[in-house]
Every structure is written in C-alpha cells, then in structure tokens.
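There are structures below to look over.
Presented sequentially are two complexes of chain A, the first with chain B as partner and the second with chain C.
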Partner chain A sequence: VSHYRLFPKALGRLVAALGVRELHLALTQGFWRTRYWGQPPLQAPAGAELWVWFQPTVTDVDKAWKELSNILSGIFCASLNFIDSTNTVIPTASFKPLGLANGTDHHLLRYAVLPREVVCTENLTPWKKLLPCGSKAGLAVLLKAERLFHSSYHSQAVHIRPICRDASCLAMSWELRQTLTVVFDFFSSGQGKKDWSLFKMFSRTLTDTCPLASQSKVYVDISPKNKEKELLEVSPPPTSVHEAIVQGDKKTYAVYDLLSPSLFNTSRSLNVQLKWKRPQDSSEMPIPILHAQRYVGGYGLQTGEICTLIYNTHPYRAFPVILLETVPWYLRLYVHTLTIITKGKENKPSYIHYQPAQDRRRPHLLEMLIQLPANSVTKITIQFERALLKWTEYPPDPNHGFYVGSSVLSALVPSVTATKDMDVEQSPLFTSLFPSSDGSSYFVRLYTEPLLVNLPTPDFSMPYNVICLTCTVVAVCYGSFYNLLTRTFHVEEPSRGGLAKRLANVIRKFRGVPPL
Partner chain B sequence: QVRLVVPMAVVFSPGSVPRDLPRPLPFRDVQEMEISVNLRTSVTSHYEMRYRSTTGQEEAALAAATAREADAALHPLQDTTMGSLTMYVVPETSSLLPQGINVYVGKHRSALVRAGGSLAALQARLREVTQVMSFTASSIAATLSDRVPNGQLSPDARRNLKSSLGYEITFSLLNPDPKSHTVDWDIEGAVNRYVKPVLDKLSLLANFSVDSQILYYAVLGVTPRYDKESSSFLLSAHSLPHVINPVEARLGSSAASLYPVLNFLLYVPERSHSPLYIQDKDGAPVSTNAFHSPRWGGIMVYNVEAPASPPASLPLHVDVDMARVMEVFLAQLRLLFGLSREEVPPEFLLERPGNEGLADWELDHLLWAHTVENIATVSTTLTSLAQLLDKIGNIVIKDDVASEVYRAVASVQSAVTKLSLGHLHAAFQASKEAVTSSERAFFDPSLLHLLYFPDDQKFAIYIPLFLPMAVPILLSLAKIVRETRLRKKEPTKMD
Partner chain C sequence: VVEGLALLDLGVSPYSGAIFHETPLIIYLFHFLIEYAELVFMITDVLTAVALYLAIQDFNKVVFKKQKLLIELDKYAPDVAELIQTPMEMHYIPLKVALFYLLNPYTVMSCVAKSTCAINNSVIAFFILATIKGSAFLSAVFLALATYQSLYPLTLFAPALLYLLQRQFIPIKLKSKSFWLYTVQYASLYLCSLVVIICLSFFLLNSWDFIPSVYGFILSVPDLTPNIGLFWYFFAEMFEHFSLFFVCVFQINVFFYTIPLAIKLKEHPMFFMFVQLAIISIFKSYPTVGDIALYMAFLPVWSHLYRFLRNIFILSCVLIFCSFLFPVLWHLWIYAGSANSNFYYAITLTFNIGQILLISDYFYAFLRREYYLTHGLHLTRQDGTEAMLVLK
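For the complex of A and B:
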C-alpha cells in the first residue's frame, strides 16, 4: 500500500517494486562543446544513459535490471529495452551513490549507455508529465517542444535518490530531481547579437507559479568578466542578487523569486531580458581546468586505435582522475598495447580494473585512476581489432557505422577560488546542483565524444547470388547429362522447309540463283 | 461436463413441519436443473437437500427476539463450508420475522424462512432463496458470456470484472484548480478503516493492492452546462462516457504488475464550475453524485461548499469527508464485482453486511462465478493452443511448456470433480492453478520463435534448382507416354 501526493506514482511504484536505491537516467541529443560553451553544469553522454544502485535486499540484480530497463522504456517512450548484457557494465570506482548509502558493494550497481538513441518530443512529454503541475503552471510553462528541440544541445534527466529528511537525519525521504539542459546558440546561429529574452528563446513568458511549489526561482548569471562591471543589464530588476562559488569560479546571479508578490505586481507576465552594453567581439569562455577529447586513429577495416587526450590546465595543482571506458565486444581491445604518456614520459595508473569482453555477452570495461600533473596533456592509446559479425547481427544501415559510448571521467578538481559552505536550507536546489564537499575542490564528471567506427560489412546480396549461381550450374550440368543419356536418335524425313528456308528462297529468286 | 453441486440443509423448527412430507424426517432429496449455455455446452446445477429437524441448541437460538440475534446465535452451529446453505424454517405464525416478510437472509450462509403450509409452497420459497443466495442461470451464463450466442444475453451480462488472480485498486484525487482549492484527504486512515476490512474478506478471491495519488490540473474532458434554475452546473448522462478518456492518460498504468486496475476518482470541480451535479437519464441530479463504468472503476464529484462571503485569500482549504466518499466507492466496488441486491423479491429481508462489506453468501456468488469462468477460460486457451499447433506445424513445444499444459489439464479435471462433490473452495483453488498454468503455457515466448516462416521463402530457395532440373524430366516423361500409346495402337508395326 502506498500513497502519493507530489511524487509521481509510476516512479514510486517502480522504485518500491524493484528495490531501487538510486536511479539516474539521462537522454541527450548533441554534444557539449566545452571550448565554446565553457564547463558544463551537468553533463550527460550523447544518447541514453542509465545507472542504478539497487538495495542490498535484491537477490537477482540482473533480473531486476532487465525489468527496470523495460519498464522505464515504457514510461519514457525511449527504446531502453535494448539495454541487455552486451552493453551493461559494473563499474567499480567511477559511480558512487549520490544519496544516502549504507555500504557500497559495487555488485549492486549497473551502468549502461545507448549512444544511438535519439531524443525527441515523445521523450519530453512523459518527462513533463512527472511534474506535479505538469506544463500548466510554473516554470514548466516555458518548455514547449518546438522551441526546445531547435537548439544545439538538449539533455533531459531524471534522478531519484534517498536523502535525509531534515538536518538531524533521523528519517529518509525520496528525492526526485528532473533536470533539463538546453543550449540556445544565438550568436552562431546568425542572429549576431548576444542579447536574449525569455520570449525570444521560448516564445512564451512566465505568468504564474505552480501553487504546489514551495520555491520557484530563476537564476541569471551576471558575473562580470575581467572585473568590469556594467557590461550587461537585466530587466526587469531582480528580486535579489546571489553570489556563489560555482565550479571554482566566483559567480554572481540575479535571482527572480516567482513566489514573491512584488514580481507580478506591475505586469502579469515575467519576461527576463539581458542586454549587452558593449558589443562583444568574440565569445571567449574561460578554458575549464579539466577537459578531454577522444578519437579513433588508424586506417583500414582491420585494426584501429582509440586515443583519449585529457587536459589539465591548472597552473600548479595535480590531481587524479578516474577514466571509465566501455567498448563493445566487436572491437577487440589489446590491453598490452595500452600506453599512457604525459609530457613525453610514461604515466603508470595507480589503479586499473579491466574486464575483457565475451563475444556477444559482455563488453570491455576499463577503469583507470590516472594522476594528471599540472598544466599537462595526457594521451591514452589502446589498439583494437575489428571483428566480423554474423550477417543477422548487422543493424539496418550497416555502413553508417557502429557507435562506441562516451567514456566517463570523474575527478575532484581543485578550485582556484576557495568555496565557502552554503546554507542548504536557504537554497536547496542551488546547493544540490553545485554541491561542495569541502572548500578546496569540486566534483566534476565529464563525458567524451562517442565514436563512430566502421566495421567490415559483408555483401548482403550474396545469399541470393549464391543460390542463383549454384542452381544454374547444377541445372545446366544435370540437364545436359540427362539429355545425353536419354537422347534417342531417329531418322527424319526431309521437310518442305521451314520459314527460314522459304525466306532464303525468296531472296534467291530476287538474286536469280536456283532455290535450295 | 460441469456439475455445480450445492449442499443445502433445511432445518424444521417445531411447529413448522408441513403435513405432506413424503418421508419422515430426516431424509435427503436431490434436485437438478440444466443451464444450457449454447447448443453444445450446458452446466448442470445439482441441489443436495437434507431435511432434518432442529437440535436443542438451534431451538434455543431460534427463540431469540429478533431475526438478527437469531442469526448471530445460529452462526456457530452451522456448517460453514463455502457454497453450502442452511435454511431454518420457522412456523407461519412466528414473530421472529416481521410482518409481511417471509424470508430473512443473514450475513452468513443461512436464511430464516416462514413455513408456507404445504411442502410445495415451501419448496417454491426455498427455490427463490437459492436463486438469491447461490447462483442463478443468468449469472452462470454471464460468466460464460463468450460462448453464449449473441442476442440471448441481457445487456448487463458482460459488466462484471473478469476473473483474475489479483486486482489493483487506485484511489485518485483530481484537483483541476489548485489555485482555488487546497484539498487534503486522509486516504491512509480511510483505507485502513473502511477499505481494508472489505479487502480482507475478499482476499480469498484474489490478491488486492491499494494505491492512491493526487493529480493536479486534471480536467474532465466535458464542459458542464450551466443550469439557471438550480444555479449549478450539470453533467448530463450521455456526456459521461466522454469524461473518462482524457483523464485516463494522466492516471498512469501500473508498470510493475500485470493485474487489472480499478480506478476510483474523486473530482473536486473548479471554482468556476462549482457546484457540479451529475444528471441521470431523467434529468434529476444523482443523489450520490457519482457514476461507475463497468470493468474500469468509478468517479465521484465532490462539491466544495462555497463560503457565504468571498474568501479573503485563495486557495480555500478543503478537508474531504472520507466516510461519505468511501461509502460511495465501496458501493461501486460491489457493483463492479457484480454483487447487486436489485432483483430481490419484495418479501425478502436482506441483512446488511456491516463493516465487512459483503455477506458470506455474496462471497460464494463470486467464487461460483469465478470458478466457472476460470474453467471455461482454461478450456478455451488449451483448445486454441491445440488448434494453433494443428495449423502451424513449425512450432517447437519445449518440455516445460508441455508440463505446464499437463498440469493445467490435471487441475481443470480436479476442479470439475471437486465442483461435483460440492467443495467450492478447493475447486476454486484448483481452477486458479489451472488458469496460471494454461496462461504460462500459451504465452510462453519460445512459441513465437518459428511462428512466421513464410512458405514463399521456401519456394524461392528451391525453385531455381528444381525447376530447370524438372523440365527435361517432364519432357521425357511426356515422350515416354506418347511412345507407349503409339506402340499400343500399332503393335504389329515392328519389322
């Protein structure tokens, strides 16, 4: 028996029935361009990503995982039912529980990524349905599909985790967090100016708050660059200004509290606008301290090489990073060719966990803890060989290529500016988005690009060709043999002549030659 | 052939024995009736009646002041196996039954019947009692509704819930206007107090699980009409079917289990559409302001009292009166299962079931209906599986599928035998096992493996080989036939 008020019943029943402790599902379209857009607040790999911690009471974790992925694929209209043992891995170090946890036996964790998954309106609608007010009131009024998908990056995520009910932590509550990350790139999409407004982005403005919400706020980043104030202007004037250290940088936010009565006094709708006082020449974002790239090297259809480049741009601090790579079984990795080179010298990882693949059953799993020296580039290469699949295993468009999911980098990045502890009660949403475990570093999880690898494909019309050729040869052979064996000869009277002879006679008559 | 046996005991209290008994008490009698469903199937109902006179304890119990006390005192003295009935015949002049009432049906499996003078009149009355307390021909025909030819069933026949191993009950509160109303309902307390006793009684029948949720901004799909005379909004009876569809999208299906869901919705209308009343076919507002849809659930409209003066601050706080709401929902639950007390003859007095929601004999009703329906379903499933195997020879039956089929057949046979012995409870359990096994066998995913192997693919592979090879063979066959015919015609052509 369970009673639900604000928490959606579908997810609540799911969590209770399958013994789920934490659930994180992200559906993403596009890739976050760190060089142009800066450090991502919450990144997700391209496609669908699902990682789940189960309760210790679950006995058959694989069965529960399969049921969970099938039920979620029904709830979110995404083809998560393709998650099976060939793309599920059990990471040991990269994914720690984000909520309350009693012990972390990593056999209760499952992680899967579907890089080929496409996100569209059908996935946004059930996501919006989980909100108590739906898309009828509050901030969700802005989320209309035709503007949201007209963007360079779209990521929607659902996170469920257990948290302390209050500061004394005597009771536990379930927290459901839904995040939507969208990048509208007006500068490069031809509009020239970097001014924006809510109406321009969403073709809608905020009219009221959800009556069930206890907090409803809009934060606009107005951090001054290079200590120059008065560079930009937001209108209408914000209800308050909030300063925080976010991801190592001091940032200033203009806060619009939708629940404060003064906001909707003057006009019925709120349209936040930002105008730049001076024209911006280039979009320079500060280079983040940790960023990474991945690509496939090599040529031909037999061998290749996966190269990952990890950049540490901190001027003087070195820090370790955990790299998790999941490679499908049809790219056979050779671990003896794994080389990690930093600043020209070899870099030995302090922890390696490698699980080789089993054909058609399990993918490769490679987890490494690598120390990145300050101001360096680390290159990790590993060679692989491409396997030949059975002809029924190729997807409908085999020459498009096969996707290799993004690799995950988790690190505690030292921040340049010291973080101060923020009051959780005052702004719970803000602190949960940018948590700070201790003042000097912040946790970052990055994803690299997904790779597209071509596998040698057979000629799919061959079975038909073989059938036709063999059958023709056999038939002709057999036919001639049979004919030879069973031919009977008998004398034939000379006939009057067929059509050809008569035609020949007609021509001879014209020529004046005696007929045949 | 299915035989439904009802063991009945008819107990005569002193002074009520009819004069024209064929044999002295105690004696046994058997009555059989045939319920024909269609041309080929029929169900026999078999009433085994044991006539006897009261024991000392029963006489003492029947000396109570009211029928209800007598019934309560007689309860420990009865035979309480499921499906059985006990009827106590009281003298015609007895004051136990009120004036004008000839039969009193109790909460358990017994009834008090007033003697009618002759045995024939008594037996007519007893037959009426069995029609009410046990199954009727129409109720059995309704469970086998897919075998009855169209046109013979009453329109009410297909309304009851199909027999299933479990049911999920969901209570939803729909608040389309959270700005004007903050609605609070103590659903947990109400479920524990009102719903749990009923479900505990029904737990013999199936597994029940209860859920509740609150949905905001969920509107009905129909705009109600404003009626000037009563200054209220009215939903007419013919617009009610259109209400359910838009709401159902928000209700959510239960993802974690396969049991059918019964939805009970409580709708608090918006401030601009208050008060809202449901009109029945004649135009009068329905007293409970609720309606139900067979095999789906029920909806009740809860009007908020508008305060006399406009309130200082919206939203208004509303505390739902759970007793009134649960009364309606539990009545709808009984109707969904098919337990209605409508067709009772006027001289009957039915005891109210109290907190438990339904009397023992009503539970028996459901058990009879579900057992027969389960047996019919199992036979249909297994016959379809056999027909499928005949038509498509490609299907491979694995060993565990075969063992499930054997188990289903054994359980069905045991259920039929137990029904003919009168053990209703054991028959019901056997029929449940049979349904589980047959569903597991029929819906096994391994059966789908080679289900579609198109014949034209087989032709496409073999024709390019065999057709060219067959052509010279056929030609030479033709030549041989021609030569033999020629030789036969002129046998002396040889030189």
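For the complex of A and C:
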C-alpha cells in the first residue's frame, strides 16, 4: 500500500507513524493585498501555519503534535520547532477536516501559527524535493529560487488528506497536494506594461513533462472584463478553452495540455505569452464579497486595542462568518471590552468560545460566529494590556516588537453566479482546487494582517545592578531593624582615645572652640 | 473584577486565565454591587475611617489607664512629666486618625481607581477594632477574612494575640499554662474561620481553582507589571537559575520580622501591629498605595514621639517628591518613550527606602521614649556631666 515512487517517503512514514489524519502546512512571505490583486485563490497567513487533525487512535495528542512539528521542522528547514504550547490552540469551530472525516472531536485538532517565520530558498528546496520529478522535469523546472523570491508574495503549502480512491468510496487513499502561490506584480510596481511571458517571469520555459505525471496542464485566465472580447491575446494558441465558475465568478481559461503531442511540435520549448491589445491604465480588480482588515489602536506601552474590520460587499445576501483570533499571552485581553458594531448598532455573536491565556503556557483563543448583514462593515474591537516580560524572554531585537498571528475568517460566501456541477473526471485537479459542495456558495478562508506590537522593555544591561540595588534596600531595612531589635540604649561612656578625635581637638583649639 | 464577572457570564471559569486573581467571595459580592461600584468604594473607605476612629478611641483609654497604673506603681522616673501623655492632647487623636485616612491622597487615589485594596483595608480596620474591644471571636473572624483576601495579614496574628493576652491580664511566659490555653483557643478560632471561608468559596464556584490563582499568584509572583514595590523589576532582571531562590527569600522576608518584633515589643502590641502593617505594605508582592494609606493613618497615634524623630523632615520630603515623580516617570517611560524603565525603578527604590527609614525612625523614637520614661529625661554620667544616649 505504498506508492512511494510518487508519494514522498518522508511524509508517508511521518503520517503513518504519528497517526496523522490531515496535515496542512503553509509557509508564506508577504501579505496578500486584496485591493490590488483581488480575491486570493488560497490564502495563507504570513509566516508559518500548521494545522493537523490526528486519528482518534492517538492517545497523547500533545506529544504527537510536538514530535510532528519537530520532524517537519527538519524536513522543511523551517523553525517549526518553536511551536509549543504557547502558540498552539485547539479551535472548536474553525478548521473542519477537508478530507474524509468520520466524526469531528475537536480535541484531535491542533493549530499553530508562527508569524515571525521568514521563508527563503532553504524552504523551497525541500519542498521541490518532495515532487516525484523534483525540479528536473515538468512544471517544476520553472521554479528557480532567484526569480520566485523576487516577488511581492510567496506562499508554499503542503496539504495531506485522506480521499476516496474511486467513486464508490470503498477504500481510502492519501492525497498530497503541494501548492505554490507567487505574485509577480510588475504593473503596480511601475515596471511597464501588463504583458507577461513565462520567460520574463521565471527566466525559463517549459521543455517537457515529468514522465511520472498522468496530467500536466497550464491554465491561463483569459476572462473578459466588462464583457469586452478580444482584449488580450495568448500565444502560442492553447490546446483548449475551459469555462468554469470559480469563487462565484464566471471565468474562462486557456488550457495548455503539456501531454498533448501538438504542443511541442514546432519548438522544443513552450513559452506562454499574454499581450494586451489596448493599453491598460487602471489596475482595478473586482472587490471580493468578503474581505477583512485588522490593526492595533491606542498609544503608549501600557494598553492597546485590536480592531478588526470585516466587509460584506454582497448587495443583498447576509451570511455568517467564523472569526478565530489567537493572541499571545503577553497581550492580556479583556473580554469584557469586546464590542462588535455593525452599521452603528451592536451585533451579538451567536456563538462565542473564549479560552483565556495562562501566563507562559497557552495563548488566548477567541472564536465567534458573527452574522454579517448585506453591504455592511462590521467592526470588532477588544482591548488588551501589555505585560512586562522577564529579560530572557525577549527576542534578539526587543524594540522591533512582537508579532501577533493573523486571525482566520471562515465563511460560506454566497456566489453572485450559480455554479453548475463540474465533471470531476475531466479535470480533477481543477475541481479539487476550487471545490464547491453547494452550487450557490463557496467556501472561503481569509486571513487578516499580522500585527506588530511593542511591549515595555526592561533595561537589558542591568541585571547585576538591579539585584544589588534591590538587595541593598532590603538590607537597609534588615539592618535598621536588627539594630533596633538587638541593641539597647546605654549611657555613653566617655572615652579619650581615638586619633580622629584628638586631631579634631587640636584644630578646635586653634579655632578657639571648646574641645570635643 | 469586571473581567472575572464577564468570564463567568461566558461560562468560563474566571481562574482559567491569568487576569483574575481575586477571591470568590469578592466575585459573589460584586455580582450584586457592580452597578454601584463607586458608591461601594466610598462607603468602604468611610467604614474604614469609622472603624479606625472607634478603635483608637478605645485604645487611648487603655493607654491612659496603663500609664496611670505605672505612675502609681512608681515605675517612671521622677522628671519625665513632660513625656507623659495627657488626656488633653489625646482627645483629638481618634479624629486625626480618621481624617488622616480619609484625606490621604493615597486613599483618594485608591478609591478613584476602584481598587479592591479598599476592601482589604476595611477588613483589617475592623479586625483592629475587634481586637481592641477585646472580642477574640470577632477578631479571629476578621483576621481570617483578611488572610483569605491576601495572604500577608497572617503575620498580624501575633500582635493581636499579644494584645488580647494583655487585656485578659495573662502574663506572657512560655511556661504559663493559661498563656498556652488562650493561644490555642485563639489560634483554633482563627483556623476554623479560615477553613469555613475557604470551603464556602469552594461551594460558590464548585472548584478549587481559586487556590493556585489567588495564593499561588501572591507567593510565586508570575506577573511582572510595574507597581510601586521592589519585586517587579527584580524578577524581570533575575537570572532564571536563581528565580525560585529569590522568590522564597523575598516571601520569607515579610514573615520573618514577626518573631523578633514580638519578643521586643511584647509590652506594646499596638505599636507592633503598626510596624507589622508597615512591613507588610512595603514588602508584599503586589503593593498598592492603599496599603500605605492604611498604616499612615496610624501616625497621629504616635504624634507624641515627634521630638525623638531624627530624620522626619528629609523622609517626608523624600516621600512627597517620590509620590509626585511616580506618575511623571511612568508617563515618560510608557507613553512618551523618552525615559527608560530604570527611571521608574529608581523612584521605586527611593520611595521604599523612604518608607523603611520612616518606620525605623518611629521605632527608634518609640524605644528611646521608653528608655527615658524609665530612666529619666536628664541623664547624667557618673561624674555629673550631661550624657548622650547610644544604641549598643
């Protein structure tokens, strides 16, 4: 029961040994700018995010979680070993299993996010190594690190989940999905026209397919905007054109099937190019139905406020959204200051799960189900107090601040256009990327910005001084009390001796003052 | 407290987080009184002042009686007439005590901030009133309540016991049977009421969660929010290796002055109580200005010691300046960002040294007056010249 010529053995053994049912790991550099780039296909929070469903047979989930994060840290060269109880939470409503599930006891779920994690070439290399052909053949030849990291947003993810082996669903298989989301933003960065080509982006072209692949396709979005046809041109001509409803919008894709022999007839390499017929001056993207922002309010190093703004731009449909916030323990949240205001009125959430933090042991967890009315902005504010940490608990640059991980919004967004059932056999990869169980709505998981919060810092150069001074004050008290408690008053006996006294008497005789 | 109530409303135990550290009885009390919070705190302060007034009134009578007895027994030296307290000067002392407490800026600040310290002060004031009136039962109950709130009033057991023994005319000798009998009686009253209160709290919230949250918190000092005490910065800059050792040392430091003070001040339990209250409010793990207000309220009772105080001007200047500098340097550190935590820490150090020296000054003056009372004001040496008094 092992297809280890396709499935990477490291992950397969890991899943089997630790009793993992579902595993989702995402490493992201940058933040998805919804206003410029539209709705994200698959968003991930800045930094590293790991969430795992364990099998019901696992007895000590925390121990398995710790082992898992350490092993993954080794496989992906990322510092996932910093995942411990201070940044792990157990969400109750947010992260439902994406694969086959037989009942969901949320105690088997663990979620952790490391917002400070930086993603670089070191993390891309092991990710590429997990592919059956590596980066030697197939689509992965395009993935050269120097071009990929010269981008505005880079996110690589690994998803493992159990799926049905065939339509009758009698047996189960493990599905490993590796996704890489990169945004090359030449137009916004002012580098000229919106035309692009594979060579311009990756400095490579596609030459052949991976021999182990059963399917290898390139989809280019050529959806006409504002119903204008013939606005752009793709070359070489695609093998077919595919239409689908993706995230509520009708989209047209030009499909390049790399396995079809006609593609590599003329030249050995495939360089997909897109040219705009008319110059584009506006970079307007359609505003997604659900998007959110988060920021820190307040001034000073004592208190602050976390404000989340959630926008529902659908003209007439209201829908609920689940908000999951994980705040580290050193920002002490006060849940009695939680206010949710929609259109000027208070909006009470229908479900709140709040688990307060314990110092140095576990973070805050706030999960709420909020109903968003149509065409509205919802503002959620909660106040916090900043704690003073011990001097060893500060990261190397303490005045940079502390990161608060992104909050997660999960919702079933109603689509403007109705989806029709896709033919699963024809394009299984496509439907698995944009699944929709119900034709009228699609599932969306959004992440807000990570926050950077400053904490008051003690002076790091002072440990010896502080210990000495404080102990001096205590000793002053002890000394005075010891004197008063153990000594008694006596009449002083006169004494003639003492060199200092005799010297003082000599000086006094010169001054004409009576001697001591 | 508001946070604890909100957590209870959400169905979560208030002690599952790290914000709420008050006792269950306070939650229960404020469940009903949260709407009138300002009024509650004002009434508590007034109650404290009234309790102190009545207590000091009774105490003055006791002092006067004792003084009269000692004069008749000829225990005093002949030329100490000016040191004896007269009813005239003692008449206004209770009023001064009550006013000292009510008008103290520290009390006002504590009331405005709605700090539960006011409730602590009130319970301790009632405990002192009960002790001076002589009711052992009530005194034990109030002491148990005070200990239940914050652990440190446990040390007030010794002065209360000494006062009650004195009142019952039981001599304090280790071999005396009646001494041990009374001690055991009082201790058992105290322990029983403490146990009753703790079990009551258990039944209020149906869990023992509050014990680590309240007492574990006081003893292990995990939260390092800056306050006017010495602990916070010390533990913020402590090497991890020694953290437990220094926590133990600091906690022992509060409790350890009780026995020596008891031995030295066994004739004067009220002064012992005053010094013990001051030590608690200086060295407790999370001091507040309300605690300082409580022991400063007792200063008029010993206004007759004024002539023996050595450094009173400097100390009062230090205390006043530091009280003004506290908010300034706090603002500079936290809001303006132009000062360092060291500035605020320095003021903490100076303020606490000022307090310590104030208490030891009063202690010195008290002992000196006692010496003069028994040995006469004008001391002469063997050869007839004027003598100086030293502590040897």
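Note that in this section the second predicted complex is superposed on the first by the 460 of 516 C-alpha atoms of A that agree within 3 Å, B and C clash if a C-alpha of one lies under 4 Å from a C-alpha of the other, contacts with A are read in each partner's own complex, and residues count from 1 in each chain.
Rule of thumb we're sticking to: contacts are C-beta pairs under 8 Å (C-beta built on N, C-alpha and C of every residue); 3 or more make two chains touch, one makes a residue touch a chain.
In this text the structure is predicted, and so the values were computed from the model without any measurement.
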Most chain A residues touched (candidates chain B, chain C): C
Partner chain(s) touched by A:R502 [first = chain B, second = chain C, both, neither]: neither
Partner chain in contact with A:C133 - chain B first, chain C second, else both or neither: first
Partner chain in contact with A:T470 - chain B first, chain C second, else both or neither: both
Partner chain in contact with A:K9 - chain B first, chain C second, else both or neither: first
First, second, both or neither for A:R165, with chain B first and chain C second: neither
Touched partner set for A:K390, first chain B, second chain C, both or neither: second
Contacts of A:Y299 with chain B and chain C, given as first, second, both or neither: second
Touched partner set for A:I352, first chain B, second chain C, both or neither: second
Touching partner for A:I75 - first (chain B), second (chain C), both, neither: first
Footprint overlap on chain A, comparing chain B with chain C: 467, 470, 474, 476, 478, 483
Chain A residues within the chain B interface of the complex: 1-6, 8-10, 13-14, 16-18, 71, 74-75, 129, 132-134, 136-137, 208, 211-212, 467-468, 470-472, 474-476, 478-479, 482-483, 486
Residue ranges of chain C in contact with chain A within the complex: 2-3, 5-7, 10, 12, 16-19, 222-226, 230, 232-240, 250, 253, 257, 260-261, 263-264, 279, 282-283, 333-335, 337, 340-342, 345, 349, 352-353, 356-357, 360, 363-364, 367-368, 371, 379, 381, 383, 387-392
Of chain A, residues touching chain C in the complex: 299-302, 329, 332, 334-336, 352, 354-360, 364, 385, 387-392, 456-459, 462-463, 466-467, 469-470, 473-474, 476-478, 480-481, 483-485, 487-494
Complex interface listing, chain B residues touching chain A: 170, 178-179, 182, 187-188, 191, 209-214, 216-217, 250, 252-257, 315, 461, 464-465, 467-469, 471-473, 476
